[in-house]
Amino acid sequence: MAKPLRIGLIGYGFMGRAHSNAYRKVSNFFDLEYQPVLKAICARNAENAAAFAKKWGYESIETDWRKLVERDDIDAIDICTPNNSHAEIAIAAAKAGKMILCEKPLSMDGPEGVKMVKAVEKAKVPNIVWYNYRRVPAVTMAKKLIEEGRLGKIFHYRAKFLQDWTISPDLPQGGAGLWRLDVKAAGSGVTGDLLAHCIDTALWLNGSMDSVTAMTETFIKQRKHTLTGKTEKVGIDDACAFLARFKNGSLATFESTRYARGHKALYTFEINGEKASIFWDLHDLHRLQYFDHKDEGKLRGWRSIHVTDHGGEHPYMDKWWVPGLQIGYEHSFVHQVADFLASLSTGKPAGPTFRDALETQYVCDAVLKSAKSAKWEKVPRVK
Amino acid sequence: MAKPLRIGLIGYGFMGRAHSNAYRKVSNFFDLEYQPVLKAICARNAENAAAFAKKWGYESIETDWRKLVERDDIDAIDICTPNNSHAEIAIAAAKAGKMILCEKPLSMDGPEGVKMVKAVEKAKVPNIVWYNYRRVPAVTMAKKLIEEGRLGKIFHYRAKFLQDWTISPDLPQGGAGLWRLDVKAAGSGVTGDLLAHCIDTALWLNGSMDSVTAMTETFIKQRKHTLTGKTEKVGIDDACAFLARFKNGSLATFESTRYARGHKALYTFEINGEKASIFWDLHDLHRLQYFDHKDEGKLRGWRSIHVTDHGGEHPYMDKWWVPGLQIGYEHSFVHQVADFLASLSTGKPAGPTFRDALETQYVCDAVLKSAKSAKWEKVPRVK
Amino acid sequence: MAKPLRIGLIGYGFMGRAHSNAYRKVSNFFDLEYQPVLKAICARNAENAAAFAKKWGYESIETDWRKLVERDDIDAIDICTPNNSHAEIAIAAAKAGKMILCEKPLSMDGPEGVKMVKAVEKAKVPNIVWYNYRRVPAVTMAKKLIEEGRLGKIFHYRAKFLQDWTISPDLPQGGAGLWRLDVKAAGSGVTGDLLAHCIDTALWLNGSMDSVTAMTETFIKQRKHTLTGKTEKVGIDDACAFLARFKNGSLATFESTRYARGHKALYTFEINGEKASIFWDLHDLHRLQYFDHKDEGKLRGWRSIHVTDHGGEHPYMDKWWVPGLQIGYEHSFVHQVADFLASLSTGKPAGPTFRDALETQYVCDAVLKSAKSAKWEKVPRVK
Amino acid sequence: MAKPLRIGLIGYGFMGRAHSNAYRKVSNFFDLEYQPVLKAICARNAENAAAFAKKWGYESIETDWRKLVERDDIDAIDICTPNNSHAEIAIAAAKAGKMILCEKPLSMDGPEGVKMVKAVEKAKVPNIVWYNYRRVPAVTMAKKLIEEGRLGKIFHYRAKFLQDWTISPDLPQGGAGLWRLDVKAAGSGVTGDLLAHCIDTALWLNGSMDSVTAMTETFIKQRKHTLTGKTEKVGIDDACAFLARFKNGSLATFESTRYARGHKALYTFEINGEKASIFWDLHDLHRLQYFDHKDEGKLRGWRSIHVTDHGGEHPYMDKWWVPGLQIGYEHSFVHQVADFLASLSTGKPAGPTFRDALETQYVCDAVLKSAKSAKWEKVPRVK
């Protein structure tokens, strides 16, 4: 008999939709002991909350997240609000004994993240952060290839996340859909929004970083603020690039920007190992590029692997359609829900937990610090 | 207030899942007057039907499609059974006044298809065939570009659909999952299964065909039959290629096979017009390749358009995520459901109707006839 | 001590340049017993011949090819004239005991080709036809892979050669640079000019063809003739597509056109075998795409092999630069010269000989015949 | 009447061949007042020099470069020796009044480069450095697009040059073919060998750099030295990455390594401007990727431009074959010779001159300095 996992969702924007879709679909495709139940959606505006509830099948609404957190009929709180509210909500939810699924980045900075980690660990509640790209099948397969030792010693890691949606100086900052440009709501610009994804994947695939040196830039210095109506200084980083040394001795480059004309969500990473290399690109997320030096010499070449094969060989893909038929962005969230649900049965946490995500926060902090200090900065160890 | 469209689904295989998923998702993403209600699933085996109903949320089960067709609480019959049962079910459903959503190909052959067309037109019930690839956004955009006159006079059309899953002689024919190899159930091999998709798209994009010349081959002559347990002659075509002349004067090549090592579902088409050309590939379905001769000379090149932009510019994509984030195979079915639901409000049929799909059937018939006659065969006109 | 091979070149157009460049370069890169000496260039217009001789270092000029053929200081005649003069020149050169390097296609048709084959075989002079694409390293490697049995039984062959340079109706036919549009000079349109390349490669890689069915089209029915100044009927085929059955049981599609907007010289071929598949594309001629089914399941993918590796593993490439640095179109001619020179030392003919090329001619004839008869036509066996 | 440019080449390795080929070919394809004459090849070993002279058609040999430099029948000295001999030879050649074509990098470091610049400028002799990639047609076109203002304000520049040929610890350092691993001969590792190319292109396309921060690594710490026979410390950088700020306000990342498994000579650069972006890749050097934001919204996409079109629209390509037929690596050298020869007629220097190349040297120095200091370093201005 299926066990319900009663979800209380806070926030109904882009991520609120992505998560709701994942909760609704997971049981159609995965056979799991636990099944999500869409119990409540919380938003300040009751009308909007009601409309969202109707569209997605939430049973009830709340307009105050504190009430939601206290409800007895909620097992798990899903935090889809802007970054500056993650900590307060998560800590309250932990105190109320709720499981927590928190949007990324975990927090506004490392110290805030530490408090969140302490809260969930003290409360012993299952917790996870929505770094969804880990669960794109091609990325998950990359992880497996590394674990199987196919790449050998790693020499290089390079990642970038390029967008172009803020080039226009007429784009305002702040408010619905644009809080990512408002430093008070977002904490940082591309570093926390985009590089955090790259860093999470990198730490997962390549282990901890030792140190970084970075530069950031804000190309458009002032923008109209949607909430105040005034032209205000832009506090976020429009672009950020950094060099890193990993503890395994590999060298890395990371770059993100919202000023790369022609790219919408070009998150790519490449790893060069002694024996093999891999490359992945979010714009064709269903493919993994793979080069294996042990292939016969004259036939060596980068393989474009269409990661859509069933039979358990390609991660998650046996749950979907038939070979050759690709899945998309939204499926990474379904996989995350599936793994989280499975972890409730096994008791083995599904990552990235808050603790895992704290390390990403520390890297972001070191990056932003280095951009100011113009020096190499050590990445603190998560204790 | 939303109006329900009560669905009765017959068959629960690959397509049963794809359609169910589409019915469940459409209202989360599209704002429509009508909303599907999963009323009943019908399968011969009650246990299987019950399991499927539970997994997908169907309210009830049936084990006899005739009973389903007669139920008063069903508005629309969705036929996901093997090809040899489409006609009987569809005709009965039409007589019962049900709307019909029929899997492709419409029928075993043209004459059978004619009866189906007559039945639905006599009953005046909305009807549609699941040629889902029309509604991949990149393909829908191709249609719009052609309608806007951007390609000018068409010179060439070329399509292929390549797979490799039947190369092993150990693969049996017949039975669950393998009825596509059994000529009695399928009617033909790649012609009805794969080329039918290519033909439907081609007729939609490029108009009617005048005549064809074809060749077919059955590489593996005998296979064990799953149902009889005996090694039996294989009656289907493993591969089929044909040349065609369209009524607009363009020349075409079509090819399909299940013996193209390395391809899983490589459906591609290219259209060369006087002014521009387009190319699409199911293996990267979220992209459209486009060449426009009116681009400045030195800067002419094939554009790889990532069809994921919102704002109504890329068909259907404003309903999904944000630019750069791709959708997958399953979304084409959601789009088809959305368009079918919208057609109930507007009264303007969503294609391909049974009548539209009959033309594809006629082309398939001419192709198979030519493969036997070794002559060019005229494609009959749908009256 | 190097032995000279004294060349007499007839014609100084596009091919005259490509061949001259090959003769000049071959000894810089290949260590061979024979070395070409640019003895004479022959063209009707003495001034043009002199200018060409100066530019390329030919020692002398002739304005009458009959005189060239009779010269004692010429070892080999290179025929770069329009198709309708190949036979006459070649037969005379053979009678004069000259080796012959003849531009493709060999002849205007099969019967004419037979005479040429007889002439060179009677005279026992080394002879070769400039089907240069055989010697693009990636194509030569394809041949080796097939010979090594890596593809296993062949199921499918598909080739196309697409261009777009004759779409404008204002383009005239006939005369310098445009004789390819004049049926009297060219014999046929895309069939002899482009498909002949595809057919030569196919016969080399996949063996003889059994039969074909074809269609041709002339989209622009009339064009001004450069020589007469009058608008005349166009006699060539603008486009041609055909289906073929090879003697090894494989099925094939071939297509060529000069009306494929966006393609300049898109010669591609793909071969699907039981065990592996290969794909090649002239637009990126330094790459070979390769899929090997014996790769580990989850890691199977099309390999993009950059055929630029040295050490003898990639054909011809040890003669050029270093890995990763590509060669271009012209190098295929250098390779052909190198192989021809080597054949003079070994006594083992370098293909395609006139006899080899006659088979291509027979296929072209069958294709053009089928386009008229609308029937399948047998390809005659070369006796 | 053609004027001879009598070349004296020093060194006969990889670059000696590339340059000789360029000298031999240029007059066949370009109509220029000056024509190279292969007067003398200089190498320490007379036998090797003679063999090279014979293969390439040099009229004479020298075994002491000082003698070559003094010869009256030499107009230009081409320096193809290891980096540590460039300065001495170049300065002597300048004093002797010879034009100089010097392999890259110009010098071992900036101060040495300054002396070379002074020498050639004092002697007023034409001088150029072989940064050949500027003259790959796609790269030259990139320059033109930028000059035409098509990209608008530049936000980002990113370049990398990845190889994998030194991964094996068994590879020795020093001696013929391996001097690039010997810090005494090479000065540095990938920085001077590979990044110098990236930097030259970047300075040309994007203007001067303000400052850099870098990291380098030597993965294999010791290698056997070919000359001494002993295992010695490796002094070069195996990998180097740096961040840069250009004076035009754009941010940049640069990376090079010889430990990127799967890449042979993957030199790529991308430039993101306000209005358009471009990308180029040496592994497919005949293509330029271009994204233009002013394209109609729904049809925006990266264009893959096959830079092989004639008519003067694609740089240099009207000299070669016909559209669609690619050239290769070696042609960039031919173009450089052609431009150098043309500059002798016009009196307008062809870049990069020694002075231009000095700036690249300064960037390299700053990069290597930063790798040691772990700080941002200013790039000195070339005075």
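Residue numbering begins at 1 within each chain, and the chains themselves are lettered A, B, C and D in the order written.
The criterion applied here is as follows: a residue touches a chain if its C-beta (ideal position, glycine included) is under 8 Å from a C-beta of that chain, and two chains touch if they have at least 3 such contacts.
Not measured: the values here are computed from a predicted model.
Enquirer: Please identify each chain that touches subunit C as well as subunit D.
Expert: A, B
Enquirer: Comparing A-C against A-B, which pair counts more contacting C-beta pairs?
Expert: Result: the pair with more contacts is A-B.
Enquirer: Taking the mean of the CA coordinates per chain, how far is subunit A from subunit D in Å?
Expert: Computed value for the inter-centroid distance: 42 Å.
Enquirer: Quick check: how many Å separate the C-alpha centres of subunit A and subunit B?
Expert: Their C-alpha centroids are separated by 36 Å.
Enquirer: If you average the CA atoms of subunit A and of subunit C, how far apart do the two points sit, in angstrom?
Expert: Here the centre of subunit C sits 55 Å away from the centre of subunit A.
Enquirer: Which subunit A residues reach two or more other chains?
Expert: 263, 300, 302, 306, 309
Enquirer: Can you list the residues on subunit C that touch subunit A in the complex?
Expert: It is residues 141, 145, 288, 290, 292, 295, 297-306, 309, 311, 313-314 of subunit C that touch subunit A.
Enquirer: Under the stated contact criterion, what part of subunit C meets subunit D in this complex?
Expert: 14, 17-18, 20-21, 24-25, 27-28, 55-56, 163, 165, 263-266, 282-287, 306, 308-309, 320-331
Enquirer: Over in the complex, which subunit A residues touch subunit D? Could you list them?
Expert: Where subunit A meets subunit D, its residues are 155-156, 158, 160, 162, 164, 167, 213-215, 217, 219, 239, 241-243, 245, 249, 251, 253, 255, 257, 259-263, 272-277, 291, 293, 300, 302, 374-376.
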